[in-house]
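In order of appearance the chains are A, B, C and D, and numbering begins at 1 in each one.
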């Protein structure tokens, strides 16, 4: 038996080993030996944060070249370096990603019903969507805290989760656990690409801002003394914060909920405060950019839209080149806004910050004359952004407006900005009620003229910023309301001497909600003048798109001389050609151009990355979300809104182009930031009609 | 036919291999963290258990029994199973890459899975004929898979629940397995 | 190639060595194992079927050859004289062989009782034959009586377990045959 | 000497299987319905583990890496067969009680895990110490678990009634559900006390050891 046993087992062992040996020869599959080595180097946590099924999967992907050696979210730099060395690559620095909480509500949201179930967000969410009346915000039970494997989240004093950026590895467990989608793992790229969606926690100001700046967040950061963080938050949406801090007409403040209590928070003052702080600190905050993609994009027009688009493209890793027809970048910012509102040196500083990211520029190169779409393509540009602006002043439709001594508002400002001397004489009439008109008026005051503004409606209807109007008044500008020009009368030399105007009265409101002015027959009056500046409106100058015979750019245009594009993607009818800014919208705000510039950059990014497929989020916020805009805000103490300080007075102000408005001081800024009610979506709505109200009554 | 039906019901529910017979507990606790993984592991166990049972049955019938070497059963079986698993892994990798992709990474775990060896041994102890052994192996494997997937489903949900720190992970997994086992008690006496 | 040969050689040699040493261990322990199995597996059945005795039937067992088959017979001795005999036979059951320990009274040649030793019947039905009610019927029966009623005897089959009952009776009849052949040798074997 | 003691003692508390080193769950659950069974299984594991560690350590230098696991398995299986034979010869009732789990010692992750993780890298003496320590730790755990379940499930300990009159045994404790739940709760207690200790030392609490097939090293060694 002993022999049989020995032999049998010997045979079995021999058989097994032989079969395996033969099989391993026959069935040999070449496998990268580096997979095992890489796997050894990975930490083996199997957390799935890299998006691969466990460390083995990640190792396979790394060895196959599908993943970067730095894909692991847990491994330290050393391990990454070792893997990279093994793979013969250098580590590309991973874009830092952390969990980001997007709700400012916390415990303040109303309770819809008494909840005494399991203290767990998911359990609570299952019961009628959670006890909080806010349907989007944080439920506050801290399930995300419980699931975080790195102890990177804790509950803050307001029952809101607070992410510790040093501990967070962006593994995504909290995102999975949150039933409300309050937390997201976002790297800078996805934050830059995000468009407001109706399911985001959007305070009214954030909904209204054409640039979609996360206003509550930067105000919160200012409150916490994190001024640099606030600058970074603004820069995620607006590279021209210093500019906007000075010139923005602040649509956000018009919907500020604080306005229902006393007066709106000085959002723009706060923006200017942090922007000026950086400006005067002497060093620029670093702006992180995604890794190079190598895509070349031509940005035509160096105005706010073009600068914004180039800036976001650069941050997304692409290589934009700006083509500008004028001798310097800035567009209307430089040539349309006078020095006393926006000093050129500060504008230069801000633009330089964008160029420093690695944006190429070609100045004095005019589209249609020096290059066109075809030559751009030949030069290797894969996408084109048209940010031509609106440079043509609209006429007054009055007889004699082509006489000498009549110059369109924007043309006047541009000529002045270019340093040309214009003989405006002593008495100047500015026609129009917008910011451009006031800019013209106040510029003329500084040039020593006596200025009268003619506006066909009343002061209340003037579209210009109120403090601009006040500023103009203070500087001695005369206003003539309810007056519309009818005729320019010139002398024998063809020089304008008088302006004839007609008085108006206000009739029924028109589409814009303003009362339509109606002429009063027989009220014609003559006014003596040396110089007339009609600043009624502007429109894009599209002549560059056409040659006498050939179309240089086959884009479609409208009868308002704007370019047609998909309102969501901003792509024109020519694939790969995008547009934004005044040339698309007609004359609009700087912040609108900046916001659309980002939107266009986003589309270009997807166009380049996804072979033309540009995703549009289904829930994108296109108009204000009605139920978030309630008016009643009980229980808030009144406090005064800060006043913008003036930096110069008297003759200094009226006779020089020194900057007029200044920035808030730090204590003022903090006080102002504290006025913010940090609105979540519905945290204050105590009387909101809720779909489940009846359901509760039933019970 | 009825015999096989009863065999299946008995092996899957009444005498579930993990929950009633305590076999294959290591992978039961170890690979039940995600349903997708549990499915893969379960599939691999069914696959290997059937093959291993068939081959060990042949080894026992035509090699060990005639030579009177029954006492070497354990040794011969594990040798056969270990080689088989390794062979299957190589075979799948070369011949059926899609299958290897879904089951492959679990195969090495199965060498030391007592469910496979246990099924083969139970078949010998009960002296099942070949066909019945194979059917029993398949049924037990499926029982293992069901238990595994169900537990994984529970644990996936537990993962994001508030569990006392000390209970997190394996302890709560074991308690859940216990409760499942208690639930499976209800099948006792069904056959 | 060299490495592969080394692999094969090492593995087979280790297997061979373990085969030899295990076989050696087996041959050393074999007698003791047999005794252990007898005293733990068969002893209860033996005690059940034999009349009162003062010896150890397992230690006093003897092996006889009938029709080229080896039969181990356990004697019951009282004061040195043979008062009972028992040995194991098997019959075809539902799920394999049924082992039956059959006891005889050497005086009369009648059955002194039967006990079931190995049983792999469907639980609850066929296994009823191992219950006392069925087996106790056989006590004191003659060879002719120990048939099922349907076969002209006096044994009541277990309802619903005809195959198991038939198998048991067949085993008893086999034992009767063996007993009759050996009867002459048996009476003198333990004197 | 101190090294030897270190390797031996780590199995008794620091890496106590199966609580600290969550390996080899099947026998832990299956045979711990009574203290005696647990003890018996533990002894069998001590025998196999110590000897397999010794043998593996002895042959560790001549085994080609590719058939390493196969060789370890053969060695372990041979020892298991030896245990089977010896048990049948000297402890037959225990052998019957443990049933299929005796041959299944061979697939207990602890055996292969220690062979792969320790014995194949260390000299024989240390390997023995490690095997003996781990084995004893395992036996302790199994006996304790078995005792607990026996008391709760049968009201007995080592076959002697130890509870007061009127104690109603929880029969499910002796069956499969009890096994899972008891082990789970003991593991949790273990984690709890570990964290309590850490807290006292001012350290941050940690999650307990997770059961991870990878930790047995068999497949991880590939």
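Definition applied: a contact is a pair of C-beta atoms (placed from the backbone, for glycine too) under 8 Å apart; a residue touches a chain by one contact, two chains touch by 3 or more.
Remember, predicted model here, so these are calculated numbers, not experimental data.
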Note the shortest touch-path length, in steps, from chain C to chain D.
1
Chain closest to the middle [Cα centroid of all protein chains]:
B
Distance between chain centroids, defined by C-alpha means - chain B, chain C (Å)
35
Based only on mean CA positions, could you tell me how far chain A sits from chain D in angstrom?
62
In angstrom, rounded to a whole number, how far apart do the mean CA points of chain A and chain B lie?
57
If you average the Cα atoms of chain B and of chain D to get two centres, how far apart are those centres in Å?
21
For chain A, write out the residues touching at least two other chains, lowest number first.
1, 4-5, 8-9, 12-13, 16-17, 20
Note: chain D residues in touch with at least two other chains are 67, 70, 74, 77-78, 81, 85, 222
Scan chain C for residues touching two or more other chains and write them down.
7, 11, 14-15, 18-19, 22-23, 26
Under the definition above, what is the set of chain D residues touching chain C in their complex?
59, 62-64, 66-67, 70-71, 74-75, 77-78, 81-82, 85-86, 88-90, 92-93, 96
Flag every residue of chain C that touches chain A in the complex, lowest number first.
4, 7-8, 11-20, 22-24, 26-27
Would you pull the chain A residues touching chain B in the complex into a rising list?
1, 4-5, 8-9, 12-13, 16-17, 19-20, 23-24, 26-29, 53, 56, 118-120, 122, 143, 146-147, 173, 176-177
Give every residue of chain A touching chain D within the complex, in rising order.
13, 16-17, 20, 36, 44, 151
Within the complex, chain C is touched by chain B residues 69, 71-72, 75, 79, 126-127
